[in-house]
Structure formats: C-alpha cells, structure tokens
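Sending over a structure as structure tokens; questions will come in a sec.
The chains carry the letters A, B, C and D, assigned in the order they are written, with residues numbered from 1 in each.
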Amino acid sequence: MSEIALRIPAARRSPLRIVVWAAILAVILALLPLVMDSYRTLQLAYGLVFAVAGLGFNVLLGYTGLLSFGHAAYFGLGAYTVAFMVKYLHVQSMELFLLGTVVSSLVVTAIFGYVCVRYTRIFFSILTLALSQVLWSLAFKFFWVTGGTDGLRVPTPRLVGIATSESEDKIQFLSHNYYYYVLVIFLLAVAVVWLIVHSPFGKALQAIRDNETRARFVGIRIRSYRFMAFLLSGVFTAIAGALWVPLNGLVTPDAMVWTFSGEIVFMSVLGGFRNFTGPIVGAIVYNFLKDFAVGATVYWQTLMGVVLIALVIALPTGIVGTAKLVAATVRRRLRS
Amino acid sequence: MSGRPTRRDFLSQLGVTAAAAIGGSVAGVGMASVAHAQEKPKGNIPDKPFKIGHMTFFTGAGAVLGEPMYKGNLLAADEINAQGGLLGKRKIEILKADEAAGTDANTKEMRRLKLAEKIDMFMGITSSGNTPALGPVAEELKLLTIFIDGCTDFLFDKAVPNPRYIFRITNIQSADGSTCALGVAHTWPNTRKVAHIHPDYSYGRNCYDHFSIVTKKLLPHAQNVSEAWPKLFSTDFTPHITKTLAAKPDLLVTSLWGGDYVAFYKQALQHGLYEKMKVATTLALGSAPQSIGKDHPEGVLSGVHANYHFSYPAGNRWPLNKAFVEKYHAKFNEYPNFQAEGAYTATHALKTAVEKANRLMGGWPDDDAIISQLEGMMQAGPGGYVYIRPDNHQGYKDAITGFSKNVPEYPFPILDPDRIITIPIRNITAPPGWPKGEPTSTYTWIDQTWPQVKAS
Amino acid sequence: MNYLETRKLTKYFGDTHAVDQVDFQIGEGEVVSLIGSNGAGKTSLVNLISGLYKPDSGQILLRGEDVTRQVVQDRIKAGIARSFQIVNLFDELTVVDNVALAVFAREGKTRWFFKLADQDHGVWDEAHELLKQFGLDAKAEQFAGGISQGERKLLDVAVACALKPRLLFLDEPTSGVSTREKAPIMDIISSIVRSLKITAVVIEHDMDIIFRYSDRIVVMHQGKILASGSPEEIRANESVKDAVFGPTHA
Amino acid sequence: MDILVIHLFNALLYASVLFLIAGGLSLIYGVMRIVNLAHGNLYALGAFITASVVGQWFAGSTSGWLFLLIPAGAVGAALLGALIEPTLLRRFYRRPEEYQLLVTFGILMVLEDLMRFIWGPYPISATSLFEKMGSLRVGDWIYPRYNLLVIAIGGLAGVFLWALIYRTKFGVLLRATSQDMRRASALGVNVNLVYVEAFTIGCFMAGLGGAIIVPGQSAVLGMGVDALVLAFIVVVVGGLGSLEGALFGALIVGVVREVAISTFPELELAVLYLIAAIVLLVRPAGLFGKTA
C-alpha cells in the first residue's frame, strides 16, 4: 500500500497530445547527431537498441508482473539469427534480418513461453534463467555452428536495399545511416508497444499483474495472456539483438549469458519499470553510465553495483518514477 | 613407399632442434636497434603525450595473464619516457581498460578510447574471443593497434584477412598444438595411446585440432583413448583425471593454463598421474612462471605458448633478455611471462618504427608511415627476433618448448636449459597466399602438404 | 427447474471434509444467504461453484446443464460471477479501470491489441454509469489500492456486476467494514441486485443483515447443509441455534 | 570395480561442496524468501580467506594445527553475512522480488571487485594441507585423502544442519518463522534475530564450501558467479527452500556430472542445465519443494 500511495495514476491524455510530444522527441533524437560527435551518437544508437530490448522486457515485468532473468537469451537469439543468415544464407539486407529474427524468436519464445508461463514469481525467474543458460551453453558448445567463444562476424548490412561501399568509413556509416535506421525501428517499436499496453489487451495484462485470481474471475484466460505477453516481450528483445549486431560487428555467447539478463533488469529498474518511458530512459542512461564507469576505473563493477544498490534503496521507482513524483510535488506546492 | 620420409628426416627438415640451444637466430646480429636508438630526431616534434589505450584483463580469472601484459607495456614505456619519450619528446601515457567488461563493452570502450580520449594507439587483449571482435573495430576506427595476444588464427584468417591498422605480436594459436605435437614426436616417438584434457573453449579446441593433425602425419600409430573438456577456469579436475587414468594412455596432452593448470597438477600428483604416463602441455609454464611449485614433476613437456620463457635465451647469451628479466623482476617482484615480453617488445617495436619513419621523412610520422615501418620489421626483443609479416601483420618468432626442471636458482621449475626445443615458425604455419581454410589455414596446410611419415 | 443445483458436491482438504455431499439449490431471482460458523464450508462451496476449486466428486448444474468440468471463464460466460471475502481488486489500476476491465472482458475485447482502450467510449460510459450506481464515481480516477475499505468492498461487487451476471455470489460483502457502514453498503448492493433481477447468494455473519435482505437462508455446518428456509423458519430452528450460534446463545 | 569406487568418490566430492553452497542458499530462501544472487561470492570469499590464511600467512608452516584454520573462510563469510543482512537485505523482505534480486545483484558486483582489490588477480591456494595428507590406495588406484575429508565435512555439515533444524530450540524458532513470520512474531519470537542467524548460517555454509576446496583446488576470481549458477541448478532440481532437496540435488548433479564427463565429455556443461530444465518441467517446485 505504501508504495501505491507514492504514485499518482497517469492522467488520461488525448492521444493527440502524446503524438505531439513523441514527435518533438523524435525530432530531437533525429537532430542530435548533427550536434554530437560520432562517438556519442554511437552511444546513443546503443542506448536506443537497448531501449527496444527494455520496452520488450517491460511488457513482461512492468505490465504482466513477471520478472524474467533470462532475457539475454532472446537478445542473443536475435543476434545469432542475423549471424546465421549471413553465414549460411548469405543474406545482407537488414529488413530480411529483422524478418528472420521475428520468425526465429517467435518459434523459440513460443516453446520457452509455453513452459514458463505456467509459473510466476521467483519460480518464473529461475526457470527463465535456466532455459536461457541452456541456449547459452548450446551457443558455447556447438562451435562448429556458432563459432563458440570466437563468435560469428556480421558485416555491414544493406539498409533498405542500399549497399554501402567497402571504402565508406564504417564509423560514419554507423553514426549516421545506421543511427537513423535504428531510430526509425526504435520509434516504430515505441509506437507499437505503446499501443499494445494501452489496448484492452494491455489492460488485461496489468490486471493479471495486479491480481491473478481476480483477473480469472472477470473471465481472462491468464495463461494465454501471459503467453502472448511472453511472445511479444521475447520478439521485441530479439529485434533489439538483431539491431545490435551490426553495431557490435560480432556476436559471441556473452550476449546470452545470465549476467547480461541481469543488466537488462538493471536498465529497466534504473528508468523505472512501472512507467512506459522508464525502460527507454533507463537503457540510454545505463549505457552512458556503464561506458563512463568502464572508462573511469578498473573497479567499474563496484561503481555499477553501488549505483544499483543505492537505486533500489533510495529510488525504487527509478528515474522516471522519481521525476514524476518530484514534478507532482512541485505542482502541488505551486498550487497551494 | 619411397616417397615417404622417415620421421627423423622430416623433423630435421622442419628444423626441430633440441639442444643446449645457442639460439641460432639470436647470435651475431646483436643489438642493432638499441645501438643507434639515440640519434637526434629530425624536424619539429610536438611534445604532447603519446596516448596508448591498453586493454587487458584486470579483473576476473583472466587477470593472471592480463596483469603481466600491462606490466610489460608499462616497463617499456618507463624506459622510453626516461629518455624523454618517443623521439625524445612525446612521453607515453597509458590508459587502462578492463577487457573483462565483456566483448560488447570492449567494442564500445575501444571506440570511446579513440573517439573520446583520442588515443594514438591501442594495445593489449588477452582473450582469443576478443581480437576477432576488436580487430574489425580498430580497422573501422583507423586506429593503430598492436594486439599482444588474443592469438586465434581466426583473426587474420577470417575476421580481418587484409589488415591495415592492426598488428599482432605473439605467436599464432595453431603453433601451440603443432609445437607440442612436434615435441612429442621428437622426444617420445613410440607414443601409442593419447589422452586429452583441454579447457572447453576455442584455445583448447585449437590445440586439440593441431596436435591431432600433426600427430596424424608424424605418429601414424598413435590413437586417442580419452578426451575431457573441463570448463575454462574450473578448479576441480578430479573426474577428468579419473577418466584419463582409466583409459591407461602413454601420454596426456593438455592445454590447461594459469590457475587451471596449477590446480590440475596438484590434484594429478595426488592421483599419481605423472608416474603413470608422459605429459605434454602447451602453456603449463607460460602463464605465470612463479605459480608452479617445485613439486611439479620434472621432464614434463612444458609449453610456453610456443613463444617465450624468461629463462631462454639464458645468461649473457642474449643481453636483451637478461636486462629485461632483471628490470622486470626489480620493478614488479615477479618473473615476466610471454605476455609481458610481447607487450614490452611491441612497445619497443613502436619506438623503432617511429624513429625509422622520422629519419626518412622528418617530423612526427603519421600512422601510415609508422605502419609501413612496422610491416616487415625485424625487431629484437628479449625472446629473440620477431618478424612482422607484411601481408598479414602477424609477428613471427621461432616456436619454443622444453622440459620442466628444477634448478637451485629459482624457487619454481624452469625449462631445462639443456633440452630446449626450437622450431622455425614459418615451417609450422601456413605461408602467405595459402587459401583460408577450416578450422584454420594452418590446419589445412599441414593436412595437405605435410607427408605422412613412414611408420617405424 | 432450479436455476442452480449441486448434486452430492464434495471437496476434501486432506482429512477435512470442507464440502461434504452437498445438494444445494437456488431458484431464479432468489436472494439466498449462506450462513454457518467459520469452517462450515460456505466459502468452499462458493469456490466450487464459481470454479476456483475443482470438486472431488459430485455435479454442478446450471439451468439443468452440467458445468462441473467447465473452467472459470466459461462459467462467467454462462452468467456466474462473484466477489471475494478478502477484497480482490486490481490495486494498481484506477477504480474506473477495474470496472472497465470487466466490461472489456465481458465483451471479449481484451483480445484486441491495436486499439486504444481509452477510445472505446461505450465501455467507459458503461463503467462510469455503474460506478455512479455504486456511489464510487467521485473516486473513478484513483488507484483502487488507495481508497477506503468500504469503498473497496463496493468496488469488488461492482466489478462482479460489470460482468452482467445472472447468478452472483457475494462472499461477505461487509466483512472488515465498520458496523456503521454495513447497512449503506448492503442497501446499495441489494437495490442493484433486485433491480437487475440477479439471482444472488450472500455469505454473511451479521444476522441483522441476513434477516433483512434475504429471501431464504441456508445453514451449513461441518461441510453439510443443516437447514434451509425463510428467515422466520431459521430463526425458530433449534438445531441451527446450537450449531451456528453455540448452545449458550439462547 | 575399483574404478566405480573412484567415480563415486568424485561424485561425492563435488556433491559435498555443492551441498554446502546450495544448502546455504536454500536455507536463506526457506526462512527469508529471498534469493541471494551474491551467495556464490560468499563461497568465493571463504575460499580466498582460507587460501590467504593457510596458504600465505602460514605458508612455511607444516604444522598439523593448520587444519584448524580451514574454517577461517567460513567464519569470514559468516561475519560478512551478519553484517549485510541487517544493514542491506532486511529492508527488502517486504518488497517485490525484482528489488531483492537486484540488490543482491549489486552486492555480487561489489564483492567481485572487493576480492580482486584485496587478493589481486592471481589464483591462490593452500596446497600444503592437500599434500600433507597424501593419498590412499584403492586397488590399483591412488586417491587423495584430503578429498575424503571434504566428503566427510560435507556429510557432517548435513547431519549438523539436520540436527540444528529438527532437534534444537533454535530449529523450532527457525521453522516457525519460515512457515509464518507474522505468527511467529506474535508469539514472541525475535524474528529479526532469527533472520540474521539464519542468514549467517547460510553464509557460513557457503564460506565453508569455499574454504574446504582451497587446499585441493584454488581460489580464482569469477569462481563465485560460476558456483551460483551451479547452486541454482541444485536448488531447482531439489526444490528451493528445502534442505533435503539441496542434498539430493547436489548428489544428483554430482553423479550426473561424473557420468557425463566420463561418457559424453562434450555435454559436461549443457547436461546440468538440461536436468534443471527437465525437472522444472515435470515438477516446477523441484523434487522436494512445495509450490507456493
């Protein structure tokens, strides 16, 4: 109860107003590369990619109330799908990569989801973790297929059918052409996920999150809704993995290991998983934060760990949740 | 059968020698690069520091290799800075970065170092999983790079087949397995039953593959009787030892290294493993020489990454090594390993390249000038000459291995100075122009070009 | 024909016979109170009929049709809804969302992915209308977790009513509420149930409420039905007095 | 025949250490309903402390008294546990799981660095004790006596814990708190004290697991994260919160690993995750667990 008292229900705003805000934000994101150096733009591209993963992850945690500690598996699955399409099918088109990722992640999340959604709470977390480690150990073990720890390389993809010449500066490509590509996919993902969580289906997920028994007794088939949420969540996270590969240039089993799943959780909580924008903000901030920590000290793990502990103790609602609370308090003060 | 050479003929054809080695390649040529190091540089040299981004394992189990690498880089930088820096003007400044942050974070960090910290050069890398990830990134960034290790063949076979900005100084991974197998063929030609214990990642598999292909050619009667693949950084090898003992082999081949090998040999001793079979290793004495105790059996074929052990070349025979080992020990209170030697040599190779380029053109040389000097360079380092092949930017140094022996001077075993085995590296790695193959080009090259020796 | 009928319905928990061969009937439009001491099996019986528990044996017939094996969602479609003794709400949704969700679910709209829930005006108008009837409209935009206990009890019933049930189970609709608030809550609930002609089963402990609002009273004791009859009949029944109110309650 | 005995010893050796780690994890979950992701690091801490006390401080000594110093690591881990439970973890018991998991994930990151800060990057061990005990002859085989000591300690720890939980007054309090914290509290049990004691015992077990391996194996950075995943497999197989489950889970994992290594070396790693996944499919709460 006390945590509920801390929060304010989101006011019902007209979709028009939200579209206007989103458009302003999109324009800012589109203009940033013009004022930032290519390094920061790249960082932002990473941030947007992880934001897509965070959006997907949060369909489960924030909206369905299921904490997956195995989402790295789907992220890595997307990445490996792209690498396999390059290696075995000689595909170069980014659109085909994304399509392939959607298909492969649907298959795998359908299997994992079927198993996992029968459980909740810590059992769900541990089951997702164990299953993700199965995928990880396969990527690790079947080196003749996956390259083992060497991983698989992914060359510069074709974007909307346009090939980039070999001579073109890769950094230039990544921080401009590819950045905008990522931005478009990111905006699409935001729009689609926003629509879904604000649809009657999304309301049903939140109902299940809040009270499983009651949700059953208004006639919602809990398991099939959880299963759908699991699919959506896995597919978006896999899309993020597919977008990430060209940035990173290579995929190794590291992209599937359970501690990376922990980082995805970290990002969402950092931003605030009970807000739609929380994981987006969290992913971008986390990305810059980790980058700063690794550059600043060899004890970067301590730095990140302390940030995490401080966060869950002092700011449980994350950056966005806290900002909303502060804004509301200020507004109340001004009014009185 | 007339076309088939005998094993002995073929081994000598390869140049595998085992002796109280004088170090053929080492003698005579001397200290050329050191001798004329202090010429006055030409032209105007800026005095801003020369920044090297050094990424290696500072945390996690890999730090056992990472720390010495950094120390080698540091020692060389201190020496150069004591003379005023590169060309007497530009002091070397090293920025540390932790390789243990993960492949993905490493890629980002390399970009940050170049784009945000504006480093002039990148060095380091221990894991063979990371060079194929970072090599292409360095090329994209146009970042002058010398990888110290990360020795996978995959880097120049596939990931960056035509390198421009990246170099690698230590030997190639495939040389480890091949050198070990040649050592076995040379020393224990009657080996029939072979057991394997390798860490379950690319290095272990690479050693297994190349050991197997060489023994297929040279020891046609040898067969595998057992394989075990413990996870990297395991600490309990008891079941693997049991499995090996149960197979009753003549020889155990292992590519365990670092803490894994230490734990392994301690446990194997209590199982009496060393008394029941010969043991051949690829990296036993390589990772941290002082970590092996005197209880380690003598006469084990002890690999040093086919690359460097501080006890060779010994004594005054090669003053560069004597001076390096003494300075390193004085500064860090430990003995250098191949990583330290590699980083040290790489830093001095940079100095040589910068100086040569300056003599040609004057002023501070641009990256292209430095690269053209590095290509084809013959650099004298503590471990002997390293030749940087111009086509694939890989450092070539004669492979060495030897046999563990306890001597009074050191509180740990070293390579038996009377039985060092050296092999010219060009004889065990694929030559320029050889088509890229699976699992490595060297593997297909050995498979297709080495003769099957007469069974003896 | 009875609207709902159970035949030898039985549920064990270990050695306890929570519900023991119960034959329970209710006619259409009837408002029945289910009484009995704690552990008599009232809530278990409701849980069996509403589908929360699976019975060990016996049958449940709704309008003559066997629904024993049906899952909860199908029973809801058939018109059975319920409220809960310990309030079961979607605490982190707003009050109006709680009701609207039931409406969406009833209309099968929760399967819609790509339609904004907020834009479905028909649903929201209905939800607000229902909240008005329950006197909760002023709280519509607050979190359900943040309103008073009495309001939560009402909202729990409102959510059930939003399903347009034909048969409604109310499990202690006034428990945990101060005595002063009980009557107003029951007045609201009763007027809605009567006006919509919903068949209702109410579990209650407060005898004043029971006698005031029920057509018929069913008494349970140790998993069995002890008696059934009009409020007057039950008031006069000696065995009920002993079982339910204890021998001292004379 | 002899080789079967050796295989059995190997499986028991592995199982003993796993039981100590997973048993602690399970005990803590059973009482406090919190899954401590930093649990593996307490195991690593135990290993590092004992290795540095026995292997470094008393490096030259050959005294038999050194055996008594082995539990130093367990004590160190227990002290750390007694410190972090009341200061950090306690405030999270009423909070949702994601926060519990994340705070322990944060502790994991900090501890990982702390050990590197204190002990540096190189593996350390305390092999003098391992060598001192020598080997035992089993038919044609010889086997390190120390490994048998580890098995014995694992077994004794199991018996001791069983007695503690089912035969002492503290055990009654522990079980009461575990079943219904509120009721126990209402009955006058000092719940906070029980929590800190249970957590300390759990950490002691993990630390002991680390401490007893360093004479025969070594303390390396990163060992904690690996151990945690293995402990997860054990509790998933045995049932989270069940001590019997941890014991059987550890035995199953020990035996399966031994069989896998000697028959399908390629599957050494994957087979453990697969067992966990299969058990979860069939019995989600584990072989000995109760579903909530």
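Basically, a contact is a pair of C-beta atoms (placed from the backbone, for glycine too) under 8 Å apart; a residue touches a chain by one contact, two chains touch by 3 or more.
Bear in mind the structure is a predicted one, so any value in this text is a computation, not a measurement.
*Asks:* Show me the overlap between the contact partners of chain C and those of chain D.
*Replies:* Per touch definition, common to chain C and chain D: A.
*Asks:* Quick one: remove chain A in your head and tell me the pieces the remaining chains form.
*Replies:* B, D | C
*Asks:* Based on CA centres, what chain would you say lies at the far end from chain D?
*Replies:* Of all the other chains, the one whose centre lies farthest from chain D is C.
*Asks:* In whole angstrom, how far does the Cα centroid of chain A sit from the Cα centroid of chain D?
*Replies:* Computed from C-alpha means, the inter-chain centre distance equals 34 Å.
*Asks:* What's the distance between the Cα centroids of chain B and chain C, rounded to whole Å?
*Replies:* Those two chain centres are 77 Å apart.
*Asks:* Please compute the C-alpha centroid of chain B, do the same for chain D, then give the distance between them in whole Å.
*Replies:* It comes to 38 Å between the two C-alpha centres.
*Asks:* In whole angstrom, what separates the CA-based centres of chain A and chain B?
*Replies:* Centre-to-centre distance between chain A and chain B: 40 Å.
*Asks:* Send over the residues of chain D in touch with two or more other chains.
*Replies:* 112-113, 116, 266, 269, in rising order.
*Asks:* What parts of chain B, by residue number, touch at least two of the other chains?
*Replies:* Residues 58-59, 200.
*Asks:* Touching two or more other chains, which residues of chain C qualify?
*Replies:* Residues: none.
*Asks:* Please give all chain pairs that are in touch with each other.
*Replies:* A-B, A-C, A-D, B-D
*Asks:* Under the stated contact criterion, what part of chain B meets chain A in this complex?
*Replies:* Within the complex, chain B touches chain A at residues 58-59, 96-98, 101-105, 107-109, 111-117, 127-129, 132-133, 136-137, 139-141, 152, 154, 158-159, 200-202, 205.
*Asks:* For the complex, which residues does chain A have touching chain D?
*Replies:* 61, 67, 69, 115, 118-119, 121-123, 125-127, 129-131, 133-134, 137-138, 140-141, 258-259, 262, 265-266, 269, 273, 299, 301-302, 304-309, 311-313, 316
*Asks:* Touching residues of chain D toward chain A in the complex: what are they?
*Replies:* The contact residues of chain D facing chain A are 35, 37, 88, 91-92, 95, 97-99, 101-103, 105-110, 112-114, 116-117, 225, 229, 232-233, 236, 240, 266-267, 269-270, 273-274, 276-277, 280-281, 284-285, 291-292.
*Asks:* Help me check something: in the complex, which residues belonging to chain B touch chain D?
*Replies:* By the definition above, chain B touches chain D via 57-61, 63-64, 66-67, 200, 227-231, 233, 235-236, 238-240, 242-243, 245-246, 258-259, 262-263, 266-267, 269-272, 288, 291, 293, 295.
*Asks:* Please output the residues of chain D touching chain B within their complex, sorted ascending.
*Replies:* Going by the criterion above, the answer is residues 3, 6-7, 10-11, 13-14, 17, 112-113, 116, 120-123, 125, 127, 130-131, 134-135, 141-144, 146-147, 213, 216-218, 220-223, 226, 257-258, 261-262, 265-266, 268-269.
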